[in-house]
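Notes for the one structure printed next.
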Amino acid sequence: MGATDAAEQLAEVGRRFDARDWVLGTSGNFSLVLERDPLRLAMTRSGMFKGALTADGIVEIDADGRPIRPEAGKPSAEALLHLVIARTRGAAAVLHTHSIWSTVLSDRHVTAGGLAIADYEMLKGLEGVATHEHREWVPILENDQDMARLAGRVRHVLAEHEACHGFLLRRHGLYTWGETLPQAVRHVEILEFLLEAVGRIEN
Amino acid sequence: MGATDAAEQLAEVGRRFDARDWVLGTSGNFSLVLERDPLRLAMTRSGMFKGALTADGIVEIDADGRPIRPEAGKPSAEALLHLVIARTRGAAAVLHTHSIWSTVLSDRHVTAGGLAIADYEMLKGLEGVATHEHREWVPILENDQDMARLAGRVRHVLAEHEACHGFLLRRHGLYTWGETLPQAVRHVEILEFLLEAVGRIEN
Amino acid sequence: MGATDAAEQLAEVGRRFDARDWVLGTSGNFSLVLERDPLRLAMTRSGMFKGALTADGIVEIDADGRPIRPEAGKPSAEALLHLVIARTRGAAAVLHTHSIWSTVLSDRHVTAGGLAIADYEMLKGLEGVATHEHREWVPILENDQDMARLAGRVRHVLAEHEACHGFLLRRHGLYTWGETLPQAVRHVEILEFLLEAVGRIEN
Amino acid sequence: MGATDAAEQLAEVGRRFDARDWVLGTSGNFSLVLERDPLRLAMTRSGMFKGALTADGIVEIDADGRPIRPEAGKPSAEALLHLVIARTRGAAAVLHTHSIWSTVLSDRHVTAGGLAIADYEMLKGLEGVATHEHREWVPILENDQDMARLAGRVRHVLAEHEACHGFLLRRHGLYTWGETLPQAVRHVEILEFLLEAVGRIEN
């Protein structure tokens, strides 16, 4: 995929998520793998409103998270997390949203280290899940501004929970991914739905 | 009705329900009766985003739930439920939505086998109901991945509750139907509204 | 104003309220005064989706609530209520919405005969209110399918509460009005906002 | 910036906030600094629906809050608050929204004089905040119809809380600002998100 295609596809995702209030205030960030070896990502720039993304709002980064054309702007601070996920999960798309319910539940369940979501039909929307009789563990990590350290912890959590389809950063929102962009979008919608349903059932 | 018309009409319903977050993550499925004898349905394909349906997202199935042109894709796994409803209710349209509130209430009330909704003006939007002084019983069935078995239980519940306008699958959402597509859409909106109202009054 | 203008203006209101889920499932009804003496109203027909109103969805009624051209369709069953309001309040526009929060609060507060909303800045959006230090009494009437009887009770309540800007029917929603259509729209938005705010503060 | 540009930019903000129900019923008001010395603002007129702003909905005011062309209409009653903020914060844009959650929280926390929001990633969206380990104090002032007196209290609160990015008026909503209009929009979205998240966590 070329960088222009990537920008158009991410812009469409941005409009969709913005309409649902999942990327308010320039929050959230998205990436697409442009090349696997060496790893190269198209990624949303820092500080862009996701509902109004243009080609200008996307930068390319290399396998170390450095912008390939630094004059094009700074990638999102969380580029290292995207790279870890793209590498360890073989994901082609990584999406981070920042909704009310992921924020609320990431806080409520942080001491348990995560949140189990079981027996919902919606779970079947997660790749490889064939029945609602599934128990999805959504790990929750403490938030951290040291991105190298946080990337290390994400790598560790992903290794420990090989079957998980996403994770939460405390009071920071959801990370999920997919083998394709539509699959990653589906994962966002499934997990955001489930977090809200669980949140309202708990109330 | 032809298959192209069916696709256009279901696409419009998909956009409407998607905007209300009732079909997130490719959830939900819709069908229209194309022919009554032998029974032939236009049905949404498995795994399509309902807010962006095209003719390509609709397949035709026969009275046994088999795709008439298998190369056109797999119908939704729940085709058998649509066929039971089209047959036993004489419905021309069957709609399944997957909202937060239907999920929450289907869970809360499952042990009672259903949920009574009474004395709301909105009940008059259900076909044949002429006053708010009506008690609508919304049966709740346990969810099941064995579709033949679930279809049998749906047939049983519909026979037992002849007056019901819809039912819930536990943690799976709402099924309703109509003699026309607009009537089925109205039933979705009425029942989703009532489930949210009841849910908030209970809280 | 002519009937065509009325249809266009009410269609715009319908789209706006539909987007906010205040007229789901063909609920709600709207009217505009076309002529004052003798009283003649443009009114939404029974059973129309308010988000997709066309000229065809509007009928003209006379001072007794009878359609002026019966072949054009049946006016909303609640025409008599609109006529009472147009007459006793001198309103040029009457709007009835059917939201979740008006339904919830009309139920919670029915035994008190109404609901006081006081000390909100939003109250200043109600015509003639100049300060947030205002106590708005929103009467709540029991719902009734006998429209002549209900119209009589509405007349009585409006006489008793001369300063009120709207009222609720139990589990049926909000009625409000204005000297102009934009004023009536403003009253809907103000009252719906206040009902939700009060509902969430009570929770 | 010219007045026409200002109108177009504020109209876009109005549509965005209207879609989120933050400016219902003509509530809210927006301003942009046109000239710094002497201070001159483009400001929304009183009583305009913010989702449908046109050039006609914007007036210019001088440093005392008087309309420069009185025949063009009355500025929002809260012009004096905008002037205080533009002056003491050096803001180029001032935005006032009127959401459900700012109303609810401004009421709940008024006796404490404000609300602390700490340890949310979203806080990084506030200008100058570099970590989620930040404690934002959102002052809450009693509402007042005496605008000169209220403007004085706002000046006092802004002096006392030099680091704050916004404040609430009790049961009246949020005021925030920015060095640019997009920054002010970002602040609205960040603060509205945080108020809702905090509100739901408290529940």
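The first chain written gets the first letter, and so on, giving A, B, C and D; residue counts start at 1 in each chain.
One rule holds for everything that comes next: a residue touches a chain if its C-beta (ideal position, glycine included) is under 8 Å from a C-beta of that chain, and two chains touch if they have at least 3 such contacts.
For clarity, every value in this text was computed on a predicted model and none was experimentally measured.
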{"item": "Relative to chain C, chain with the most remote C-alpha centre", "value": "A"}
{"item": "Interface residue overlap between copies chain A and chain D, same or different (over half shared)", "value": "different"}
{"item": "Inter-copy rotation, chain B to chain C, in degrees (Cα atoms; steps of 5)", "value": "90"}
{"item": "Geometric centre distance via CA averages, chain D-chain C, whole Å", "value": "31"}
{"item": "Whole-Å gap separating chain B and chain D, where each centre is the average of the chain's CA atoms", "value": "44"}
{"item": "Of all residues in chain C, the ones touching two or more other chains", "value": "203"}
{"item": "Contact graph of the chains (line, ring, star, complete, other)", "value": "ring"}
{"item": "Chains grouped in pairs wherever the two touch, ordered by label", "value": "A-B, A-D, B-C, C-D"}
{"item": "Touching residues on chain C, where the partner in the complex is chain B", "value": "19, 21, 24-27, 49, 98, 100, 103-104, 107-108, 143, 145, 169, 171-173, 199, 203"}
{"item": "Residues on chain C engaged by chain D in the complex (per definition of touch)", "value": "20, 119-122, 125, 130-133, 182, 185-190, 192-193, 196-197, 200-201, 203"}
